[in-house]
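Chain IDs A, B, C, D and E follow the sequence of writing; residue 1 opens each chain.
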Amino acid sequence: MSARSRKDVRRDQLIGVAVFLVLWEVTARALDNPLTMPPISAILAALLDLILSGELFLALGQSIFLLIVGLIAATVIGFVFGALIARSQTAYWMLNPYFSALFVTPTIALVPLVLVWFGFGFPGRVIVVVLAAVVPILFSVASGLRDAPGDLIDVARSFGVKGEIPLLFTVRIRAALPVLMAGLRLAAGRGVVGMAVAETYLRLGGIGGLIKSYGAMFQTDYVFASILPLSLLGIGLVTLIARVERRLHWT
Amino acid sequence: MKDATVDVPAIELRGIRKTFALSDDENAQRVLALDGIDLSIRQGEFLTIIGPSGCGKTTLLRIIASLILPDDGEVMVEGETVREPGLKRAMVFQTFGLFPWKTVIDNVMFPLQVRNEPAETARETAMHHIRQVGLDRFVDAYPHQLSGGMQQRVGLARALSTGADILLMDEPFGAIDAQTRELMQEELMRIWQEEQKTVVFITHDLDEAVLLADRVLLMSRGPGRVRETIPVELPRPRFDYDVRGHEGFAKVRGHLWQALRNDLVEQRAEETS
Amino acid sequence: QTFDLSGTEVTIGTAQAQVLNVGTLRMIEMLESWGADVTRVELPNISGLEAIVADRIDVAARSSDEIISGQSRDVDVVAFGAPISTMHYAVVSSEGVASMEDLEGGAIATSGPGGFNGMLFRYMLRQAGLEPEVDVQVVPVGGSSERAAAVMAGQVQATIVYIDNWLAMKEQGANTQLLGYVADLVPGLSSRAIYAPREYIEANEELVTAIACANLEINHWINSSKEDFVSYTMDNVRGANEAAVSAFYDVAVEIEMFPTDPQAVLNTSGYQALADLMHDGGAIEEELDAANFVTHTYLEEAAGMGCGTGEMAS
Amino acid sequence: MLATISKPRVLLPLLSLVVVVGGWELVGRSINPLLFAPPSVVAQQFAELLATGELQRAATITVQALFLGYALAVVAGIPFGIVMGAWERFGDILQPYLYAIFSTPRVVVVPLIIVWFGIGFEARLFLVFFWSAIAISVNTAQGVRHARPDLVEVARSYRANRVQMARHVLIPGAIPFVVAGLRIGAERAIVGVIIGEMFLQIVGLGGVIQKGSEELLPAKMLCAVVIIATLGTIIVTLLDTFEKRFQNWKGDAA
Amino acid sequence: MKDATVDVPAIELRGIRKTFALSDDENAQRVLALDGIDLSIRQGEFLTIIGPSGCGKTTLLRIIASLILPDDGEVMVEGETVREPGLKRAMVFQTFGLFPWKTVIDNVMFPLQVRNEPAETARETAMHHIRQVGLDRFVDAYPHQLSGGMQQRVGLARALSTGADILLMDEPFGAIDAQTRELMQEELMRIWQEEQKTVVFITHDLDEAVLLADRVLLMSRGPGRVRETIPVELPRPRFDYDVRGHEGFAKVRGHLWQALRNDLVEQRAEETS
């Protein structure tokens, strides 16, 4: 497996984007139904309009702040509990069922609780993002840390690393990094979804608000033009994570 | 400094027994890896261990390092029972045990960082030992960019950098070519004498076992037992004369050779019967 | 004489901003111009009732049926104004379905089985002599856009959507048509209400009167100029389409969505009809008397002060 | 080291169950019944729904779409992930789209799904399958890309073809990634079926939730939620067991 | 069978050059690992390679196996240029390269499975070679349950089980004790002679290099070059007499020793200058 240079990757991806856009445009024109599938050209025009009116950046600003705070909180929480579940049987048997249960519970069922306890202000919205994003992190941390490199643990112990927590930080996390990063990538995507859900279910605002408002007006091109930054945000985060990962990886 | 405790053995093993389960299952078949090992190692002694592949040498060393606990028996370091790895003992691993995500320098600095030594002094100490093993050109390389012998030397530098009194070395020169090996041996001898360390050194090279040792421990094919210990009373420093030509050398070497051969013959006899 | 609301803080929960409820936006602006410190919260999925119960808003400007649900569950919320006074739904059908009767043997989409618009549709079917579930299949479909999509995709033959949504769809070239406005098909039902818990109303009479006044003033403003309404809407509602807004205005005037007479704004008999409909549909268990949770006091008082004539606007 | 505790496997979960249910009861009673319900009320509602058969019918519908969709996601997602991981060029081109779709809220694409798949079983199946398969395949691809290079080299030296490489080297090495992906995929699948049942044709357990929420009957909603949560817990626990079995070559690490 | 092609070298290397980048970066510093290697290996020849740690022995072997491609130059196997690994060549890896998730038998069966041999015969072949390396008691153990030497022998058994004509062995006995090693050497000699294989064998044990070889290739410290090749013309079979006592043995060994020593001295001189 020869590593492909970043230039190659970028070139292939650009070709991919072009093919995708053309396919979309052609399909949309063939379908000729702007209500369900507007052509790319219309979406781009709508996007331009959103950018020029300043609406998009205002909404994005709000959303990104929410997203970042939520993702950081989710990472911390997912990490602590993932590590607990992976390394302690007691914690596993006491906590795991509830975490699994919590994570498969649709957020919408929890919205009234979030409302009562945290309100629809910033804290409430952050909670929704956390609920969405914490799953992949927690599950990856649990998988990654369960999977211990026995020989390296021995090395660390022999040089004076004592106890579960120092071992966690010196060896296990580092060795589990690829799995953790894979989880983080998915978490970034989920965080974006959580953010949109918080902004459409709990209280309209940010990008989620844009999507919902244009949706209600059946302005599908604007809806897609608002979703597009979301998807780009997801890709952007994933790329960022991939870059961090590359730096941390030794090959 | 050590005079007060000079009579206490550096390491003492009493009735060490160790079995391994061959699966997670509680009723799984168990392999007897070590069976009743008693051993006392003097402070400042250089003990080499030799024995057939799979006889339990590595297991014994890991028990001395307290990386695993014996099923029975106890390990004492300077008179005190130990059940946890300690800073007094530093290990060189047979499979190198380098962190693939750390560069050479970071691997060597690892034990020092664990002890929270200031970065500056840690770096200096590490560099010193990297130079000692001849890898100064590769300080910033990752393990996967090094040859087998180079990786092994990084493991060696790491153990040396700890300054531990007791060095536990598992075939530390196994992947190194003859010449470099000789250099390393000389270096190790020098450090051992200057710093009065206690060394337990596994090797499968008979010459090396005799050349370095105050005493050679010969283990018998599994279940691992001490077959015999043979004192090596050759004058030191041994690199200043043709030690291999010394009659004492040939005698010990020949004796070991014969004993190992017998072990093999016994085993074959067992197998065919 | 205007109101002095400086120092008064109030949180109002509204539906998401759309052409239908621009009146609410204007109303809040007016309260602010009187010095009130208003927080507007757009609640797309949580009902105003839930938000009130969770103690997160003071006043709600939402669907009238929420009051009835609340009343039946011992939450004493009372209507004292109405942003929209006549039913704000349109019945939309796919091509080839020209009347209710044509739906026989077909399927319609409504919100959840217990939901209000489902009950409404069943009621209309029965009026047309069709038995729901027997003559017409009733398919519950999640959201308003989803129901519209289901009609366009040919999955069902008719559904109920907001009037402004219908007009927007039509502007976008949807392959659907109007079967009729609910306001015409089932006249006399109340649509949306401004409500709050009874204690809150009693404790904040000045504010409540001010809201009632704004309610009337805004309705007057809407009725008096189509041009103003359209331009205000275009400025304040995302994605609004000018032609659709203009069409909406004509419909709204035609079905008298924004009256200025207190009795017409908040029509007790409309609430009674609604409560009865919900009782018959099985949504609530006991029969309710609308007079207990609809109060004209504040609207009347405001009207007495001259509100609803365009004189209070500053 | 902690792995040696074995007895509490029955005791601990039981203990924590008591704590959690007790806590829920207390909290539930302190919140307005329009918003939330304590377990005692939920249990009562549960019995009622069981008696009418509503719950059984709903659960059957949900489970059918869920299991079929998830099974398809596993069957398609793992091989697809392997292909993406092993054939880097393909993966590089495709991954951005998968991440983009994964970070697009499903709720907003529901109208599109109606146009393509209608509002019935197929549409729900798609909602379950697609996002779950993405989670599984992108994680699998990551695992495959992190295969140990020395072992890849060994397999190459014996001329293993792509399939053999996958089977003997890539997949075993990628197991932790795959299992993490399967867990996340299970969560995506469950939430997917619920979204489908709430926003498309209202049926199944998602339908029960939707009705509960429209009728302001949290107890009804929570009945469905409890079943869904239990379902999820079972799937995740099964996956844990599966992972342990596939990792038995490691023995005790510490 | 092979008579027709007996004049064609089994392996021929022409102007092999290989550099490694020290990071992903395109402008990264590059290490020259091999510099212009020309080499021709006869069919049925036993070539041993010896050289200082890090001089490029493993790299050379990986290039012969077509696991990596040289920057310049070409590799020919039986007269044909190769750029892909082939079934004619089997490799024993310095770092063992065992699949941790496969048991001993499954590891050994791996190449046979890859070739879709019927399970029954594959199993038999594998068992035969596992017995050959003395691990029959451990067929169902996982690598982590084996000692270093035992793991190495599994790697050996795997290469043998392929029945490849060309064996590329990277320090295959490096972790094995002297006695077992001797057994293995004898076994390897027997297989080599009986099955007329071509063997390229890296070792850092001078005795072993001379003992086994038809020809010893001596490499110089990096950038890896061929320093010289020394034919070893000692009578075979060499285990039937005291080959170490043969004067030819001492001569070759002494020559190699001196050459390696010079290499080291040169390098030291370079470093201090």
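Here is the rule we use: a residue touches a chain if its C-beta (ideal position, glycine included) is under 8 Å from a C-beta of that chain, and two chains touch if they have at least 3 such contacts.
Only a predicted model underlies this, so the values are computations on that prediction, with no experimental measurement involved.
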Number of hops, chain C to chain E, where each hop joins two touching chains: 2
Top chain pair, ranked by how many C-beta pairs fall in contact: A-D
Computed distance of Cα centres, chain D from chain B, in Å: 50
Approximate Å spacing (C-alpha centroids) for the pair chain A, chain C: 37
Residues of chain D engaged with two or more neighbouring chains: 32, 35, 111, 115, 149, 198, 250-251
Chain B residues counted as touching two or more neighbouring chains: 95, 144
Contacts with 2+ other chains: residues of chain A: 33, 36, 108, 112, 115-116, 150, 200, 215, 220, 251
Of chain D, residues touching chain A in the complex: 1-3, 5-6, 8-9, 12-13, 15-16, 20, 31-32, 35-36, 86, 88-89, 92-97, 99-108, 111-112, 115, 135, 138-139, 142-143, 146-147, 149, 152, 176-177, 179-181, 183-184, 186-187, 190-191, 194-195, 198, 206, 209, 213, 218, 221-222, 224-225, 228-233, 235-237, 240, 243, 247, 250-251, 253-254
Residue ranges of chain C in contact with chain A within the complex: 16-18, 41-46, 50-51, 54-56, 144-145, 148-149, 152-153, 165, 168-169, 172-174, 237-241
Parts of chain C lying in touch with chain D, wherever the complex brings them together: 47, 49-50, 53-54, 69, 73, 75, 109, 111-115, 139-143, 145-146, 148-150, 152-153, 155-156, 283
Footprint of chain E on chain B - complex, ascending: 20, 22, 31, 50-54, 57-58, 94-95, 140-141, 145-150, 153, 171, 174-181, 183, 204-206, 257, 260-261, 263-264
Residues on chain A engaged by chain D in the complex (per definition of touch): 1, 4, 8-9, 12-13, 15-16, 20, 33, 36-37, 87-90, 93-98, 100-109, 112-113, 115-116, 135-136, 139-140, 142-144, 146-150, 153, 164, 167, 178-179, 181-183, 185-186, 188-193, 196-197, 200, 208, 211, 215, 220, 223, 227, 230-235, 237-238, 251
